[in-house]
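Shared chain: chain A. Partners: chain B in the first complex, chain C in the second.
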Partner chain A sequence: MRIGEVAIISYKSREEEDFIRSICKKIDIKNDTLSFGRFEVNDQLALHLYGISVDNKNNSISWDLISRKTLGFIIIFDWEDKEILEATKPIIDYFSTNFNAPIIIVANIKDKKDPPIPDKFFQPDGIPLSPNSRFTFGQIDDQENARHVMILLVNMLIEKLS
Partner chain B sequence: MAVKSRLDLKLSDRVDIVYHLFRDEKISFLIDKLDNRAVSGFQKFLWEKTVEFGIVCRGKNFDRKEVTRKMTPTPVFQLQQRCTQSVYNCKGTHCLHINPKCARKKIKEHIDVMAESIRGYIRSVKQRQLF
Partner chain C sequence: MEDIEKVRKILLVDSDTSYTVPLRNALTKAGYEVIYWDDGQKALDSAKNLRADMIISDVELPQINGHTLFKKIRSYPACKSIPFIFLSSQKRVDDRIQSMELGVDDYITKPFYAEEIVARVDALFAEISQLNEEQTQSEKGFSGSLTEMNLVDLIQTLELGKKSAILKLRHNSSIGFVYVMNGEVIDAVLDDHAPEQSLLRMFTWSIGNFHVEMTPVDRERTIQIQNKKLITAAMRRINQWEQVKQGLPPLNTIVIKTELNTYEDLNDEEKEVITGVNEKEKIYEIIERSRFDDLKSLAIVKSLYQKGYLQVTEDSYVSYTDNYLARLKKNASHSKTTRDRVASIISNVFKNSGNGTKMLEEQRTERRQLPDRRHYGRRRDDRITELNQVHLTKTDLLMIRERLS
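On to the complex of A and B.
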């Protein structure tokens, strides 16, 4: 079986765990630094989702080792929390500068039934920020929304290959 | 996939632009902290988003002239600045390196126009959604 690895990153918030729970049925491993979930696409392909909550303590993480084979990065921040966005910016720049894998920035909203932005902007393709990155809104603890993010990542990978 | 790449405008600055636009906030002040290369990237990125959002919100009715006509025409701007350079040079790209203060002034005006257009598109979609 082939395995694809995807990194889900947030700043201090544990939103990456909600995302993994939405995609995989359960979190298989969880500790202070990392959470892990496995999603079997079929009997030949599985996706390993590594959730990493970054804070100042995590500065020593060897990203270059962890990220060498990563298919893509999903970076989540709380749309209502400007401080979290500010703290997430260095993470966004680190990954966009040092790695070539696609990046999706997800603005997490609390309730998709009452979104702070018009429905029209919940585009399946996200908003392109650069050839290698997209911005999208979503309620990451909602299975359907989380799936859209994963599909977007797969589409970005396919676009990259073609 | 460990490759060093460099965008003219950092990814976090691009996120910042989108963030402020969706919050119906002004963005031209954001260029104050940027170097000249990034300012040029900022302008380019915002123009791409203006066209993109215009098409998303207005479809075939979108005409880029509805944005550009709100910008001060270059000859008028040059006159206001008492600039003697050729009109061709006043694009906010060439001047940005030889007279950054003047170029940034022009770029800020363009940014305000583009950002207001985008915010207007978002507001109009929001209002349509309410009815």
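On to the complex of A and C.
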């Protein structure tokens, strides 16, 4: 069985759980430190999604262990909450500095039908911020949107292998 | 002549007579001798002594399946290089990719026309003949993939051996020539570009093929710059190219114009390029057609992409998969790998040049560190490059993407 691991990170919220539910349909394991979901591609291949909310100071060890073999990171923050945006910046900086994996930064919007920003920012391939990171908007509790974010990450991994 | 007149034997293995009867007839009519079995075990028993020239087998077989049959047959030394074609009712891309990754030469999905199989069999035999021919010519030259050896590698190789050669480079639809005399580049030809401009363009080609013909070169020198300066310029060019390319999808991705048509935020050059884009085009086609320098064209295309004037189409996935399958097929070639062939030729080239190979390796190591430093950026240390290796294969990732779509 081949398994790819992806870390889903958010600050002081449970948005990572919403994201995992959108991809995996359910949370398989949940505790104070992390939430876990499994996305089966076939009987030989699966993705494991680890959700980490960094409001809990005790979880620093777990994400450090996980992220060293992680394929990529998805960092989610609430687009309409400036405080969370500010708090997310050092997290993004931490992961982009310490790990060599693609990062998708997702600005979560509440309702994709009524986006708080102009349509032209919703680029299909995200907005490149650096060779290793892209920014995109999305409604992460929407399955289609969440899958789009995962596809962005997979595309970056394919590019990394090319 | 004897080879041409010899009747080629094809071992056909399939339990479904609705396909095998017309296929046997068509192959026999095309001049092949067909030996037929309806189950994998019988085919395996006969394969050892049969000395077939090709095997065509269904993937789903009674007794042992096609994948096992393929692996067992390829494990016999005498059958190691027999070309192998799979037939299958499975249409899923990951099934195709899995079969191709095993190393089969072709994969055909049912239903099919018998004539289509005959055409593919003919094509495969022709390809093998060409490969054999290339191999027999390997004393005069060598061929390979630009992904494994780019133009800089080739020039350095010839420079160290002070060799004369004509390099033929093929990249998408473009073909270029570089003339090397006693290790020095003296001329380059690519479409109607000036010699130095031709070289600069070819330096950025990382996809495509090359052929090096080791031959005396008697030609007027049009490039006066010494190799050392040339290589420095090339490295700068490659770095610039790679930097500009960041953020764009692979250059063989098909893109379309979006509905944005005001062009208000575009400069004149961007307007000119976007106006010339056809309905659906690969990115490299836009760059190749542009009248601007290729680096500038790349930057313009990137800007158009980022501003939302160009977007990736659904066809890109199909195109990517087809390219991937084509590469797999090429890698599954029954002849020696390109790397092996190049390695053997290079060792011949340097057999009289002392520590030339070591020097070459050192230069390459030094050079390869450059993009790494750039890529991993400012605050990362070497430790970080060891982390987060992608341990899934491209096939795995394609399957994940397909499942997510």
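Following the convention adopted for this analysis, the second predicted complex is superposed on the first by the 155 of 162 C-alpha atoms of A that agree within 3 Å, B and C clash if a C-alpha of one lies under 4 Å from a C-alpha of the other, contacts with A are read in each partner's own complex, and residues count from 1 in each chain.
Here, a residue touches a chain if its C-beta (ideal position, glycine included) is under 8 Å from a C-beta of that chain, and two chains touch if they have at least 3 such contacts.
These numbers come from a predicted model, not from an experiment.
Of the two partner chains placed by the overlay, only chain B lies in contact with A:103; chain C stays clear of it. Contacts of A:90 after superposition: chain B is touched, whereas chain C is not reached. In the superposed pair of complexes, A:151 makes contact with chain C only, with no contact to chain B. Once chain A of one complex is fitted onto chain A of the other, the partner contacts of A:70 extend to both chain B and chain C. Residue contacts after overlaying the shared chain place A:29 against neither chain B nor chain C. Contact with chain C, but none with chain B, is seen for A:159 once the two complexes are overlaid on the shared chain. Shared contact residues of chain A, touching chain B in one structure and chain C in the other: 67-70, 97-101, 120, 123, 127-128, 130.
The touching residues of chain B, when paired with chain A in their complex, are 1-7, 10-12, 14-16, 18-19, 22, 49, 52, 56-57, 122, 125-126, 129. Contact residues of chain A toward chain B in the complex are 64, 67-70, 85, 88-90, 92-93, 96-101, 103, 105, 107, 116-121, 123, 127-130, 132-133, 135. Only residues 94, 246-247, 249-250, 260, 306, 308, 311-312, 375-377, 379-380, 384-385, 387-388, 390-394, 396-401, 403-405 of chain C touch chain A when the two sit together in their complex.
Residues 2, 4, 23, 39, 41-42, 45, 47, 67-72, 97-101, 120, 123-125, 127-128, 130-131, 147, 150-151, 154-155, 157-162 of chain A touch chain C in their complex.
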